[in-house]
Every structure is written in structure tokens, then in C-alpha cells.
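In the two complexes below, chain A is the common chain; its partner is chain B in one and chain C in the other.
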Partner chain A sequence: MKFSIQRESILKPLQTITGVVERRQTLPVLSNLLLSVGNEGLSMTTTDLEVEMVARVSLEGAEAGDITLPARKLVDICKALPEGAQIDIVYDEEKERATIKSGRSRFNLTTLPVSEFPNIEEVKGVFEFEVPQKVLKQLIDKTAFAMAQQDVRYYLNGLLLEVDSGMIRTVATDGHRLAVCEHEANVSPGEKIQVILPRKGVMELARLLSEGDEPVKVMVGNNHLSVVLEEYSFTSKLIDGKFPDYQRVIPRDSDKDVTADHELLRQALVRTSILSNEKYRGIRLRLQDGLIQAQANNPEMEEAEEEIEVQYTGPRLEIGFNVSYLLEALNVIDTPNVKLALGDANSSCVMRPEGQSACTYVIMPMRL
Partner chain B sequence: MSDLLPWQADTWAGLMARARDERLPHALLLTGAEGIGKRDFATRLAEALLCLRPREDGDACGECQACGLLAAGSHPDLRLVAPPEDKKVIPIDTIRAAGEFFALTSQYNGRQVAIIHPAEAMNPAAANALLKTLEEPTPGALLMLVCSQPSRLLPTIRSRCQRVAFALPEPAQALAWLRQRLPGDVDAEALLALAEGAPLAALRLNEEGGLAARQSLSRQWAGLLEGREDPLAVAAQWKPWGLTRSLQWLNSWVTDLIRLKSAGPDAAISNKDLGAQLQNIAQRLDLRALYAFLDQLTEYGRLAANNLNEQLALEDLMIAWRRSAARR
Partner chain C sequence: MNIRPSDTPRDACPVHWPRAIILLDMNAFFAAIEQRDNPAWRGRPLAITNGAQGTCVITCSYEARAWGVKTGMRLREARRLCPELIQCPARPYRYAAVSTAIMQALTAITPDVEVFSVDEAFLDVTRCQRLHGTPVRMARRAQRLVHETSGLLCSVGVSGDKTTAKYAAKLDKPNGFTVIPPWEARDRLRDVPVTELCGVNRGIGRFLAEHGVHTCGDMARLPISVLARRFGNPGRRIWYMAQGADPEKLQLGVAAPKSVGHGKVVPPGTRDCQTLLVYLEHMAEKVAARLRRHRLQASHFFIGLRLPAGWLGDKPRTSLPTDDSAQIMALCRHFLSTVWRGEPVAQIQVTALNPRPANTQLDLFQYADERRQRVNAAQDAVNERYGEFTLAPARLLNRSSMPNVISPAWKPSGHRKTV
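Now for the complex of A and B:
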């Protein structure tokens, strides 16, 4: 194998895909990346056995072949070379070593057999659809924060992707709060498809997607989810489990509708949260006509109080929440006003951006 | 891929037949004495199950991508669970990580296999964490617990696994297998006896120079009784062999001594090659002292599962042994 490439054309794709390469590796081959040169150009693959990333770069006048190289070292070398440098990579089959040459620099790297590299050859049992890149990114960004972390209910440590006729939906919950976001799409699966993408895959995918309008191809398999962009492919394993029936968690009988200025509410809660208990993050909200009083105190008996003007008429209500959950939901809402629907002190709060029904956030109350 | 050990042929055929009918359980408990090839068996079964193009008889093909990855140790659907380096216990984090491994889907053919070896090394927290995985297996998952002391496992774990028991191979079969792999001048019979009938253990013992070491250790051990040797120096000689094995050898010697003492010089003993020496010792000691020492060995065997200072334990044993001579 032999090819030459401009530093800038290889560096960015390299940096994008080496995020999945973990620093501490039990299997040596996982710290390597797979380089294959074929008719379509150069493709580079990294994996951590959970997520696989592929970057494709076009090449001219290259000699075909496959090798694996230490990923981080390759990135570091490319990064340290001067701007605009020409990089030549040649593989010596006899010595099983690869040489990187650029100007007067020369690097000799060890390789590992390609057969040891566990790449995914094909995704089986596929349902395919296309969506604009930014739609997928939005769906992830608006819900991923609510995923559980290292919960024993392993099916919560990921993001549910649901493909319904004419609609794709993402759902995340950690058992205390829930985020649902949906978007219309030109899809028509025979029956509803549900897959759970593990946390690490969600993070990597969000990093890879941008706010562009270009369509991406999403392939949902039995064991994998694949997202194909123009220059990159992303494939992740799925979580083998059943996601809870999230529809039942969304309260339908909330009778107290409150509309608040998004920024005003957010800032007031940020200030109040400073003096809330650091562990439990409890905050007390007192709802009355036209006003929410927020109050928090900590074990040192320090106290914070805020009054927030809202549009509300109805009976009074006192209810406690984990303020972090309220704030994290508010952080992903981008409308000027936000709607809260409350029932009694024991029922969950439903938060929605005003004028949009695409996203719904459900937050369980706390007994203070 | 490793060859099938001759004494495992029947068990292998049985499991292969069940695999063909898709009737394998989600968890197997492989039990039997140490050194008879349980882990090799588990690895072989994992290879056969994960192979993408298994042969007619169910064996792995050795050529497909999966087999290549298995040979390289980088197959994503096989997880080997063992105590971390320099540790004797499998901690809870390792077991939880294995649980997460099963929570994700398989990469290749829908199967996922984990081998826990040695399963009795799991600490109580780890064992309890494993229950969760054992109780809610995901489709296509197979957990193999390799264990030479199943009594040390939680009963709740034992009851959730199907037991595959490996008996000691017939001595004739084991000897034939062993002779093929040993240089001609090695006494295969003595070696097998020393390894308590376990052929793989016997082979390992030979590589480590077990027979010669045992000769010199037993001489020194006898010397202790006569006051010729220093117990601490003798203990230092034992140390490289590890406490577990030292206990095993001492146990077998003391048991032989008890036999000689109770049934006379013609008693059937397992350390035939040390017969004269043992005979000698037997004359010097009384039965009570021997049983007292045996009790002490058993107690240390129980303690060895915990974090025991091996050197102190061996020194204590040697001093106790020297005292038994005085007790007469």
C-alpha cells in the first residue's frame, strides 16, 4: 500500500474518528485504526467494539492495500507536521512496518494484522431512511441530556430512536425525568421500529452531525444503527432491551397551565439553585395568580428566594423539584416562552416550548 | 483452535447436538478438578458458537473473519472474565462490565459468549451482581462459569446454571495422552499422581520441574523432623510453588502417612515413588500428630481463599511440622 496526501485533507477526518479510540486499551488492536486504500480512495476506520467510525477521503494515484496503524500516534504526527505538508505513507509488507514521510521527516510505525481488526462488514436487517442532518442533530441534542448514566436498568443508559409512519422520535429518561422530541419525516416502516442507541454512541453521533441541510442516510439493523454522511459513516451497537412505555409517563390531566418567560425563569432558577442542597438540589415552587415564588435552602440554613412573573390564574400550589432537572430541560428549549402544565404536588410537571408540540419534557416532583 | 481432549469427546458431542437444536441454556457451569481442560473446553465451545461458517460437525472453521479475530483475541462478542492482574479476586466492576457487554447487541452472528474463570474467584458483591445478568439473559447470550470448587459459589448462582461436570479422565487414557506430550525420560505415572490425575496440570508441573522439586522438598520436609533443617529456610523453598499447591502436596503426603500408620507398610498410597521416605517418617510420628497437622492444612486451605500472607502461612506450617516430631 502506498499513497500521498495533503496534511489538511487527512488531519480533520483523523481527528474526527479518533474520538472513539480509548486511551487505555486491553486489546492492542483497538488503539489502531484501519487504513484501506481502494478504488474509491482512502477509508479510515476506528472502533471501541461499541462504536465504529469510518472517514472517507479521495486519493489520486494510490496503490491499494489495507493496514492498521497506531491511531493516536498517527494523529499526533500529522498534527505536528507543518501546514500544507505533503504526507507519504508506504507499507513495507516484508517488515510489516509503515513509513510516513514528509519533507525531511520520517517516521516508522508498527502495524498489526488487518485480520485482527474487528470492523463491522455489514449491518443486517436494515430499514433505511433519509433525513436532513440538522433534524437528526436537533432530535439528539434536545433529548440526550435526560439519558441515565450507569443505571442498572441498562436500557435507560441510551437514547430510544422510534421510527413511526411519517415521524421519527427520540426519547430519553433516567427514571426521574423524561425528554421526548419528534420530527416529521418521509418514512413508512410497516410497524413502529424502536431501537436504543447506547450513551457513547449518542455522544459520538452528536459530535459528528452538524447543522447542515444535507441529507444523511440512517440504517436501522437488528444489532446496529448506522448513519452515513458524505465523508463519514457511524455505526453503533444497540442496547438489547425493551424501553419503558414512555407515553404512560406523560400526564394528561394537568389542570394548571402556566406560561413563563423562558429566560426570566431560567435565570431565576439558576440564582436560586446556588443555595439549594448540593446533593439533592431541591427547590420549592409556590404557584399563585401571576407569580411563581422559588425558594431553596441548604443544610447551612442559607436561603434563596426569587419571584418570577408568569401568566397564570387558578388555585395555589406548592411543589418541589430537583432544580437541575428543570434547568437542563430549560437549557434545550429555545422559544421565548415556555409552558408548564402542573397537577397537584405529587404529579409530574410537563414542560413544553410555547407554540411547539415537537418536544415534551416531563419532570417528577420531589417531596421537600 | 485447540484439539479436543480425548476424555471430553462425549461431553463435546452432547453439547454440539444441543447447540444444533438451538437448545443450549444461557448459562453453563463447568465443574471438575483443576487441570483437566475445562477452560480449553469453554474456549473451544465459544469458538464454535461464534464462528461465522461452522463446519458440518459444529466445530469452528478456523478461517472466517470471526475465527481470525478469536485467534487474535479481539473478537467483540467474546468476553473473558478473570481476576485483574496480580489479584486473586474478581471484583464487582469486572462483573458489571460483563453485564454491560451483554446489554449491547452482538457484533457478528447474534451470539455473545462470556467465560468466567475461575468463577469461585468472584467476591460476594461480584457474585451478586452476576445474578442480575444470570436472571435476565439477553437472546443469544451464553455465560460459561469455569469452576473447580463449585461449593464456593453462591447457591443462587449454582441453581441458575446448567451443570456440566467433568470427571477425572481414566488413568490409562490420561497416561497415553500425557506420554505423547512428555519427553521419554519423564516418569509420566509419578507426574500424573503428583497432579492428582489431572493431565493438563501434570504437563504444567513437568514444565515447571515439579518432580525434581518435589523430591528435594520432601527430603527437606523429612529433615525438619530430625532437626536437620531450618523451618524458615524450608518455607522459603516452598514459596515459589505457591500456597495452594504446597497445601495440595503436603495434604497428599500427610494422607499417605496416615494410611501407612493405620494400615501398615502395605497400605496403598498415592505417592508411591516417595514410599520409603514416607515409611520412615511414619515410624517417627504418631497418628494424633498427623491428624493435627492435617487439620492445620485444611484450615489454611480454607483461609487461602482470602488475602493470606503466603510466606507467613508456610513458615507457620513448617514450624508446626517440626514441632510434631517433638510431640511424641
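Now for the complex of A and C:
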């Protein structure tokens, strides 16, 4: 195998796919990436057995062949070479070593047999749809923050992707808060799927997608999900589990409706949070006509108080929250105003961007 | 310079100390309590052991110490040195009660009392000098108070910082009284080996010796940054400590727990699963009851078995934070059946990691089991009134009869108030 490529043509795709490679490996070949040169050009593959990413780059005048190379070292070398450098990669079959040459630089890298490189099985039982790249990115970005991390309820350590009644929907929850976001999709209204994409796959997919309008193809199999872009493919195993009935926990009967200036509320909460307990992040909200008072104190007995003008008339309410949960939801809302719906001190708070029904955030209170 | 209780010029001289710290160290605390409660033992060599079966000397009276008996010695060896040695099983609840009474009495002098251990307390009297007089006078009063409250003797050290006060108290035992005024501290420590200071262990001592620091006086020649690089902030503290200027404040109150755990030694080489389950359930009950007593819950636990090769442990999680022994026991059972391969066990441990205030964050999908909570509350009420394990799972009828041991980290209030 032999090919020659411009530094800039290989660096970005390399960096995009090497996030999958874990720093510590039990299987040595997993720290390598697979380079295949064929008629369609160069394809580079990384995997951690759960997520697989492929980047495709066109080549001219290359000699076909497959090798695996240490992924991080290859990225570091390409990154450290000067801008505009021409990079030549040659594989010496006898010595089982690859040489990278550029200008007066020369690197010899070890390889591992291509046969050892694990192949994630083809996506079977496929349901396919197309969606603009930026829509999928938005759906992920607006919900993924609410996923659980290392929860015993393993099905919460991922993102629910749902297609139902012509809508595509993402849902994430860690049991304390919930984020739901939906968008119309080009699917027949009868189609229904529900799959859970694991946390790491969600993070890598979000990194891969951009704000472009071009469509991406999503393929959902029984055990896998694939997203195919022009230059990249992404495949992830799915979490085999039943996601909780999230519709049941979105309250419909909250009687206290509040409208607040999004940025005003967010900034006030950011300031108040400075003096909340660093570990538990508790904050007390007192709702009254036209006003929310936010108050926090820490074990050193320091105290912060903020008053936020809001549109509200109705009974008073005092309720506690983990301020991080409020802020993380506010951070992904991009409308000038935000709507809150509250019940009593033991019931969840619903937060929505004003004038949009696409996204819903539910946050359970804390007893302070 | 030792000052015996009497009015000396230093008592009379009303010099305001910039900082004034008193350390009271009870003399042979457990043994002294036993001798006080049991007049026949007064003036005789006495060794405290853990229960009647205990083979290790927890502490001993001054009469026994005169024969060369020391804490940590095997009873057999102690008997060889001192054939008349009386063995006395420890009564941890009694010691804890006496300690609590003493600590309570000391708050008459200052509210700033740090219970350093069951038999040691620091008093910060810096801000009481106008009220009560000189630090020396207050120290005398504290020593008297301890005697009036408990009938026991203690050694007292008075200085301007914790380390020097502790060093001073060590100089004269029993019933000693040593004053090192803060302005003399640096000189008085000059020729003292650094390892004599509380908190400078052998490892740190070796590091200091490699850098030419053997006595406290050598420390000034070592740049503070050398210690800071190796040991961080504790290293910086040691640099000041050696110069009679330990900046450490008294630790008032009990810091929030980082973990709540109990462990026990099992019969050597235990391989029987049922026996281990009894021991694990015993510890799970203790951990859960203690979590509930302090309104804490945890969702992350450590379960460990000490094998000949070292600890075999796991850190399982529950989906919701819990204070219920049944849930902890479920983790233990799962641990035994999946991780343990039947190796001989010497000791077991059950610990709740990162406990947090109970019932704070509500969950969207799961609710706490209120029935279990009511059962636990009823069990706690019974045990509070009639004693630990009056009401307990039936399996605990077979629990170890080894008595509870008072921990060195015992405190008269908060989650450390446990035996």
C-alpha cells in the first residue's frame, strides 16, 4: 500500500474519528485505526467495539491495500507537520512497518494485522429515513445534557431516539430531570421506532454533525444505528433496554404559569449558584406576584439572594431545585422568553422556550 | 520549664497572648476510669483488652507501664513482664460517656473546644483572656475542671499553637502542666527532633532527614517550597510547625462524613458462605442504622473481604440513594455470589460512600419505599430505647459476640458518635 496526501486533507477527518479510540485498551488493535486504499480512495476506520466511525477521503494515484496504524500517534504526527505539507505513507509488507515521509521528516510506525481489526456487523432489519444534518444535531444538542452517567438504570445512560406519527424525537433523562425535543421528519406517519443510543455514541455523533442543510441518512437496525454522511459513516450499538415512559412524567396539570426573560433568569441563577452548596447545588425559589426570589447558601453560611421580575399572578410557592439542572436547561433554550409551569413544592417544574412546542424540559425539585 | 500548680509570676503577669491554645491529654484514660470505678484496682497494674477474649493490650495503667507493659502489646507478653497484671475488658460506652461529660464541662471555659480524640481536647482561649485571665490560669482551671468532673488526671500543655501545645503536654506525664509561651516556642523547639512533633511521621521524617533537617531548628534553613512541592499544603504546615508557628485552626464541629462504614474480623480462614452472610448482615444493619440516625443516604457502597492476598472488594451502586439494610444486603449477596470465589476470609467491611442528606432530590420515575421507611423507623425506635439489635433480622441471632470497639475517630456528637 502506498499513497500520498496533503496534510490538510487528512488531518480533519483523522481528528473527527479518533475521539472513538479509548486511551486505555485491553485489545491492542483498538488503539489502531484501519487505513484502506481502494478505487474509491482512502477510508479510515476507528472503533471501540461499541461505536465505529469511518472517514472517506479521495486519493489520486494510490496503490491499494489495507493496514492498521496507531491512531493517536498518526494524528499527532500529522498535526505536528508544517501547514501544507505533503505526506507519503508506504507500507513495507516484509518488515510489517509503515513509513510516513514528509519533506525531511521520516517516521516508522508499527502495524497490527488487518485481520485482527474488529468489524461491527452490518445494520440488519433496517428502517431508514433522511433528515437535514442540522436538525439531527439540534435534536441531540438540546437533549443530550440530561443523559445519566453510570447509572445503575443502564438504559438511562443514553439518548432515546423515537420516530412516531411523522415526528422524530430525542429524549434524555437521569431520573432527576428530563429533556424532550422533536422535529417533523420525512417518514410515513405509521412508522414507529424507539431505540436507545449509548452515551459515548451520542457524544461522537454530535461532534460529527454540523449545522449544514444537507440530508443525512439514518439507518436503524435491531442492534445498531448508522448515520451516513457524504464523507463519514457512524455506527453505534444500541442499548438493549426499556426506556421509562417519559410521557407519564411530563405534568399536564401545573397551575402556576410563569413567563420570564430568559437571559435575566439565567444570569440571576448563575450568580446565585456561586454560593450554593458545591456538592448538592441546592437553591430556593420563592414565587410571588410578578417576582421570583432566588436564594442559596453554603456550609460556610454565606448567602446569595436575587430578585427576578417575571410575569405571574397567583398563589405563592416556595420550592427547591438543583440549580445546575435549571441552568443546563436554560443554556440550550434560545428564545428571548422562557415559560415555567409549576405545581406544588413536591411536583416537577416544566420549562419551555416561549412560542415553541418542540422542546420540553422537566425538572424534579429538591427538598431543602 | 515546668510550672507546677501554684501562683508563679507568669500567672500574675497580664500579658496578652496573640494566640493561646491549651491541650488536655487524659492520663491512661480507659485504665484510669476502671481504677476509679473499681477501688480494688487502684495502685495496681491493669491492662484493658477488647472483651475478655481480647489478646491485645488496648491501654494500661501507669503501674503496669512501670513494668514495661505498653499499648499494642500481646497480653501473653505483658503477663511475662508483669505477672500480677489484671486484665480488664473494655467498656467503650462507659469511656464515651465519661469523655462526653469532660468535653461538655470544658465548654464552661471556651466554646472553641476541639475533641481531638476520645481522651484529648484542644481549647482555643485566645479570645477569653479578658474574661478569664491569662492562658496559664485558664489551663489550670481546665485541669481542675477535668478532675472535678471525672476524678481523673490529665496532662496539660499551653502554647500559642496546636503543635507546640501538644508537644508541651507530652513533656510531663502524668498530671503534668507545661507552659511554652508563643514567643519562646521557636527556641524551645530548636533542638527537638522533628519526628517528635504530632503529624510528622516516619516517611516525612525520612524526607526531611534527606534534606538535612533533623531537629526543628534545622527547618528554617530549608526553603518552604521544598516541602510544598513534595507534600502540598500539609508540607507547608510542617515547615511552620517546626518553628513554633503552626497555623492550623481548631476543627470545631464534625466535618460532613465522606463515608460511613463498619468492619469486623471473622474467624480466621472462614470459607462458609452462611457465616459471611451473618457478618455482612451485621455490618449492613449497623451502617444502615447509622445512616438513618444522621439522616443520610448513599447510593454507592464498598463491600470488601480481606483474603490472604489482600482486599477483595467491589463498589456497587443502588439506583436510588438508600438507608435500608435490605438493599445493602442485596448488594452484599450479589457480591458474594459473583466476586468471591470461596477464598478464606479474615475480615469484612461494608461502607457507604459519599453519603448525602436523605430525601433531598426527588426522582421522576422511582419513589422511596415508604413502607420500608416506616418499618426501619419502628426498628430504630425500639433499638434506641432497648439497645442495639434488640430488634434485628433473625440471622443476627448468630452474630459475632465480639464487643464493639471505640474508634480513635470517636466524637461526642455527629456521625462519629458511634461505638
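Going forward, the second predicted complex is superposed on the first by the 364 of 368 C-alpha atoms of A that agree within 3 Å, B and C clash if a C-alpha of one lies under 4 Å from a C-alpha of the other, contacts with A are read in each partner's own complex, and residues count from 1 in each chain.
Just so we're on the same page, a contact is a pair of C-beta atoms (placed from the backbone, for glycine too) under 8 Å apart; a residue touches a chain by one contact, two chains touch by 3 or more.
Values in this document were obtained by computation on a predicted structure and should not be read as measured data.
Per the definitions stated earlier, placing chain B and chain C onto a shared chain A by superposition produces a clash between them.
Residue contacts after overlaying the shared chain place A:Ser115 against chain B, while chain C stays out of touching range. By the touch criterion defined above, A:Glu50 lies against chain B but remains apart from chain C after alignment on the C-alpha atoms of chain A.
In the superposition on chain A, no contact is made by A:Arg23 with either chain B or chain C. Of the two partner chains, neither chain B nor chain C is touched by A:Arg104.
Shared-chain residue A:Pro244: touches chain C; no touch with chain B.
In the superposition on chain A, A:Gly175 contacts chain C only, with no contact to chain B.
Contacts of A:Arg252 after superposition on the shared chain: neither chain B nor chain C is touched. In the overlay built on the shared chain, the residue A:Val152 is in contact with chain B and with chain C.
Among the listed stretches 63-71, 99-107, 333-341 or 387-395 of chain C, only 333-341 clashes with chain B once the two complexes are superposed.
Overlap of the chain B and chain C interfaces on chain A: residues 152. In the complex of the two chains, the chain A residues touching chain B come out as 27, 29-30, 49-50, 113, 115-118, 120-121, 152, 154-155, 157, 198, 222-224, 237-241. On the side of chain B, the complex with chain A involves touching residues 65, 68-69, 72-76, 99-100, 102-107, 110, 132, 138-139. By the touch rule above, chain C contacts chain A in their complex via residues 256, 317-319, 356-357, 359-366. Residues 150-153, 173, 175-178, 244, 249, 279-280, 282, 299, 320, 322, 346, 348, 362, 364-368 of chain A are the ones touching chain C in the complex.
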